[in-house]
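Take a look at these structures.
Two complexes come next, and they have one chain in common, chain A, joined by chain B in the first and chain C in the second.
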Partner chain A sequence: MNRSSLRFLPLLVALLWIGSTGAQVDRPLRVAITGDEGTLTPYTYVTGYPGYELMTLIYDQLFLMDEELVPRPWLAAGLEIVDDLTYVLTLREGVRWHDGEPFTADDVAFTIGYYQTHPLGRFTSSANRVADVRVDGELGISLTLDGPDATFVEAALADLPMLPRHLWQDVDEPRAMAEAIGTGPYRLVEARSEQFYRLEANPDFWGPPPAVGTIIAPIVRDETTTFQALLAGEIDAAVRPVPAGSVASFQARPDLAIAQGSGFATTLLILDVTRPGLDDPAVRRVIAGAIDYGRLVDLLLLGFGTVGTPGFLHPDNPFANPATAEPPRLSPAEARGVLRDAGYLERADGTFAFTDGAPEDAAGAAPLAFVLLAPASNPTRLRAAELIAQDLAAAGIAVTVRSMEVEALTQRVWPDFDVSQGRDYELAVFGWSAPVNARANLRGLLHGDPAKGTLNLAGYDDPEVNELADRAVATIDADDRRAVLWQLQERMARDVPLVPLFYQDGVYAYRPSAFDGWSYMAGQGILHKRSFLRR
Partner chain B sequence: MAWYLGRVGQYGLVLLVAMTFNFALPRAMPGSPLRYLAGEDVGLLTPAQVADLRATYGLDRPLAAQYVAYLGDTLRGAWGFSFQLGKPVAEAIRERLPWTLLLVGSSLLVATAFGIIAGAIAAWRRGGRFDTAALSSAILVDALPTFWLGMLFVAVFAVSWRLLPVFGAYTPWGDRSGWPFVLDVARHLVLPATTLTLASLSGTFLVMRYAMLDVLGQDYVRTARAKGLPERRVVMGHAVRNALLPVSTVVFLNLGFLVGGATVVETVFAYPGVGTLLYQAVLARDYPVLQGAFFMLTVSVLLANALADAVYPLLDPRVRRGG
Partner chain C sequence: MGTPLAAPLAGAGSDRAAVGARQRPWLAALFRTRTAAFGTFVLTVVVATALFGRALAPYDPREVVARPYQPPSAQHWLGTNDIGQDIFSELLWGTRASLTVGLVAALAAVLVGTAVGVVAGLAGGWVDAVLMRATDVVLTLPFLPLAIVLAAFLGPSLGNTALVLALVIWARPARVVRSHALGIAGHAYVEAAHALGGGFGHVLRRHVVPAVLPLALSQFILAVSSAILAEASLAFLGLGDPIQKSWGSVLFYAQSRGAFLSGAWPWWVVPPGLLIALTVLGFALVGRSLEAVLLPRLRGR
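Here is the complex of A and B:
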């Protein structure tokens, strides 16, 4: 060793010394999450997954979905559906809030009223279905709906987190209520903004005993950092799906395991059906038929996904129509044939144009061309847009891809999240979260009335479909409801109000030596209440 | 006296202009904070409920009214409530500020010290082996993307060698008192601070090197040498002291941005600083946080400027008033 390298020796020694003194402590289960989830109350959590699932480790619902998405009694011990409108619930005995106060029917009545008067996307619309609440003693409660609702158990009873009346009754500004007190299997003992949440098992939990003593959920926003931390042994699991390109190398590691299942979050091509050209079902059918869905799944997801069904519902959804399970396929020649038959002019360069009453003058006619918006921050969606543009060019439709910051894009396709304000786009690559698919919320996607079709970004409005969509919500009998939903999916395949592209599978990595009790919730993932309860 | 009043007036005007931008720019961005106010499933609300929500948070008021209220509230210290974090803006900033000061402060300190020393030596031995090596490394490191440098450190020091932690400011499940905690914080600081130091080192180095080269070519240095002063005194007493003047400007400027955090490094190392707070607030259109954090940043930059104004005459007699 010469003199100049000796100069750096003290630095090296200092680094090694700092590096070797990590405190050895009893380690809780460390599950990395993707972002800050506020104070983990129903009004401050941010994401549907993992935020809602983390929050409902603290708060309980009246029913709880099982892994196959069937609602099971939870805080409610029993339910009697007297008629289409009347739901009589009996609550579980001996349930207490984390602060020791008893949980009663008054809390349930209060919770429903609170969500009705303090708007929150996920809970207010389902709570609003309740027109009347009657409390019958400590544990009895009867709910009367404003109309029949086939999804009431899933969307309201199995979704609304119960709030303790004694703590919330004087809270006017729900987002300022920082105290997370529920009846759930875990208590929030520490929340550090942008750092981590620490939850500890509730020793007085009324249900199956919690399987993990302490859960720490560190916030790691960067994907690469998350998986480096997993490889380095600093976390035991991540709620972020493993990137398709890394799955094989993770599977090869003896210290890690992979949980894989369907994902209901839907990536889709949305279109404004009120625009010239896009208002023509023939053009929309060509767009839907020209896209090579298999190539999207193979190239973008490396096969870890399912091609979109024209009826929107994931093939694993119990209401999916097998007749519309496959996306339509048109070869470029077939697609061109459809456009010719529909009266569009084929020009010498292979593109099509509107006739506009001047059928012979192809030179001056407006081209059949659209701008496709894609979020700049999402490489998968951006690449999907480029591939779609290639496919449509082969069919004679010119598409220009334009990338935008995601909130700016949302503002264009869904101004202020209010479809009654109209829209300012032609085509866009967009996504709907898993619950839209899991609850078969086709009315939200299709209904022409903005109050009902709150997710109808296409501006689609068809009286027959509106009527079917209303029936899909009002039909309680499961078989009848399935029949209506099947009809709706067939209509979607014919009319193409939206083009589902694919559903990305959930692929999650964890360290089995730390905890091996994970269960996979269909369409969603491994972080949910049932994973942490002894079975 | 009049001179000081004039200066205060200038700073007041700059503050007002900056505050106006802090108000206008976030609102000029397309997009809306509703996704955070109503949750991810904001689409399930009816138009009437969305309108209610906008009214609750004053987003339906005319911009002029919002602006007047904002000016008053900000100056009074009432920075409001974060749309996305469910807590007061002041609290959110208070939680992040110490970590940012630690991270950015320590790397600023190291980068400045190293930059000055290396710049001085490089210029003094211009064209020598050290100068060539330092100059080319400075340009190389400056060209490397910071996140890539951070990722490289994580892959080598944290994952392959397991010497240092991958992320965070401390171990959430560890002891959080006394020396073990100090040591834990130090271990977590090493990689992000080193990344940030390398990313900012070249600026100070280059300024110092060029300033020093300039000074070494001045007549008074030649005179000093001609007087037969020892080389050490020529360099330390005459050259370095004068070359430090432009560097001090850079340092004061950096000082002002100390509280702004380092978004890229904080993101790569999941370090809970002001940089990620600001970045998330931009994504969420969290106007109150943007206004509060940018106000803090504005005031801090102005204070650093005022400090530079006050200190510069002490360093350089030529700019003393009336001198």
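Here is the complex of A and C:
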């Protein structure tokens, strides 16, 4: 890394001397990121956002999402879907790796095989959909899937970063591979662990020319420090969303601009539906109905967000069912009525208890009470838990909030990120990142088979829903798929396997005098490859 | 030393004059100097707030009573926090939690420390060696990092915070008490008690424990101040119990929900900070004064 940074030093000096020449921004653009992202290879980056986006400035995918989340041809020039299982790709001509070697169909075949044999959660599960690869000359390749998959283009072709075969074929331990060589618009010239990354525009990039000559991404872990640095002019943009309480004061600054858009990252209340009480859909409906979603968005996000829909999908998601756009609401009196009708015993102090078929004696009955876990390091979710506990108390359900370290909480609700290991919680405030929502991954959230319902933290298992969820993945026709997903969302509204609370808007601040070409990727934010390419 | 103190203490409990003599230096210490009187005054106010603050608070600090991020006004003297709770009421309520954690942690630490100290001092030999090496280990560990690791490991709750603080605070009182107990064990009247057939337990109960009590008391007061400070530090770092209203948790939310960015720090950060500083100062002043009066040998140290 050191040698290559020296190699670019004269270039940098030259750029500084020349000054602004118009199209390309020559002054290094400083974008604060939130944490260390390893050596920025597909096996060492850490976070989905911004880590994946930063890494894919160096590595290219076969398809690239546009700002409206439609996959567009990228390294692949064309795609022919012969039948539900056969995808024939034609690659772009003249693409070269950063070290000058040509990019060919062999690299694609190698990449898919490498992700299959060297496990890495996000890429391995989508690469595993490919049952057979056939290379046809330098630029032709044909993929055969193990079953129909409506999300294959988005989840695999537009997601898998291509690896150079000539550098990776002898790498057994991918996490030790430090050299970040891709075909992308930027090259990594310097990576200082826990300090910063420096990327330089790739002069031989095959696509639209990079708009910024040098990107420096310093690691700033603390939110307050990040925005103090932005206000002081020490950085030009931050990937962290502006805290709701500060948006107004940022908007008033003449030297800063705000990019705002929807956020697909979902904050939700999850529940273990195998627990006594929570296994009763009536209780779950009361929980979902008693929460004042509007108050959460109003107080926690100061309005910069959207109320959660019972069908999980953000209202801007093309597959969202308009019939389930509104969360159900029950007044405290109505909620109590539902609990009484469902056979729970109302006690003198206003709380409810199980009857368990016992005589109507409230004294000895177990109370309808739950423990709600919230991550100690996430004040927004802690506050959400605090407010939810108040709402549920008014409906007669006693909730004790317990804060714990986020790692400990994850281990309780999702041990080793493997739902087949079960779960050890009652209620928890949790979050799913934007792709779960953007790809309408309802099967992952709902399917009772742990191999398919990989995100099913509720332990929910319903034969009809399983069947619908399978169809949602196997149905290729967009209209048919939408119809199935709509049905699933209606089932979710009725059955409450999870309680989406809100989607926080992305509000990002940047210094337009340094760079004004940012574009907002729907549901995600401003740091992504298309922001840095001239349009 | 000993004569002015140990003599009446040795006979404590049997005659009322001796009890009176034990209480008088207490009171004297609280108002001995102007600084001590100031410390006593601060502590009185803080304790009164802990006891009656909830009744005095204008609002229930758990209720959302106004818009978030309001500056101070006639309705909300210190403005409102990130979800519209009244900050002034939060501080009044939080006094009890902060003080309780400090007192419980210090009490546990001083009980353990005193027990270790007197046993080590009186028993001597390998018992002393083992106990003192354990004490040295705790003393040499850096205080706050150890507390941070323990707090992260045990999980956030007020009980755990008190436990963590007790675990890192007990060593200093143990050291101090042991050196005092060593001195007592060498006194002629203690040797006489031994000679007359008094066992280890008898000497401990009748002679050593009563003699180190004043020292334990001043150590306790000093431990409270460091425990309160440490509790606030842990809570500020998000390692306390953010669900409980305490001075530290008010600071935690102020920091993590943008008080420094939005300019709300003068009414959101400074007041709890001042409360913590004043309380710690109050305990320190009273503790020093008690030490000076009850243990004149230490005066001017």
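Definition applied: the second predicted complex is superposed on the first by the 507 of 535 C-alpha atoms of A that agree within 3 Å, B and C clash if a C-alpha of one lies under 4 Å from a C-alpha of the other, contacts with A are read in each partner's own complex, and residues count from 1 in each chain.
Please note the rule applied: a contact is a pair of C-beta atoms (placed from the backbone, for glycine too) under 8 Å apart; a residue touches a chain by one contact, two chains touch by 3 or more.
Here the structure is a predicted model, which is why all the values come from computation and not from measurement.
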First, second, both or neither for A:349, with chain B first and chain C second: neither
First, second, both or neither for A:228, with chain B first and chain C second: both
Which superposed partner A:341 touches (first chain B, second chain C, both, neither): neither
Which of chain B and chain C A:450 touches, first, second, both or neither: first
Partner chain in contact with A:44 - chain B first, chain C second, else both or neither: first
Of chain B and chain C, the chain that contacts the larger number of chain A residues: B
Partner chain(s) touched by A:414 [first = chain B, second = chain C, both, neither]: first
Which superposed partner A:122 touches (first chain B, second chain C, both, neither): first
Which of chain B and chain C A:433 touches, first, second, both or neither: first
Contacts of A:219 with chain B and chain C, given as first, second, both or neither: first
Shared chain A surface residues [contacts with chain B and with chain C]: 224, 228, 405, 408
Chain C-touching residues of chain A, taken from the complex the two chains share: 223-224, 227-228, 243, 245-246, 249, 295, 299-300, 302, 374, 376-377, 379, 382-383, 385-387, 390, 401-405, 408
Chain A to chain B touching residues, read off their complex: 15-16, 18-19, 21-23, 25-28, 30, 35-36, 38-39, 41, 43-48, 51, 119-122, 124-126, 173, 175-176, 178, 192-196, 198, 214, 216, 218-222, 224-225, 228-229, 231-234, 405-408, 410-412, 414, 416-418, 420-421, 433, 435, 444, 450-451, 454-455
Sites on chain C touched by chain A in the complex: 62, 64, 68-69, 82-84, 152, 155-157, 238-239, 241-243, 252-253, 255-258, 260-264
Chain B to chain A touching residues, read off their complex: 29-32, 34-47, 49-50, 52-54, 81, 84-87, 92, 95-96, 151, 154-155, 157-159, 161-169, 171-175, 180, 183-184, 186-187, 190, 267-270, 272, 276-277, 280, 283, 285
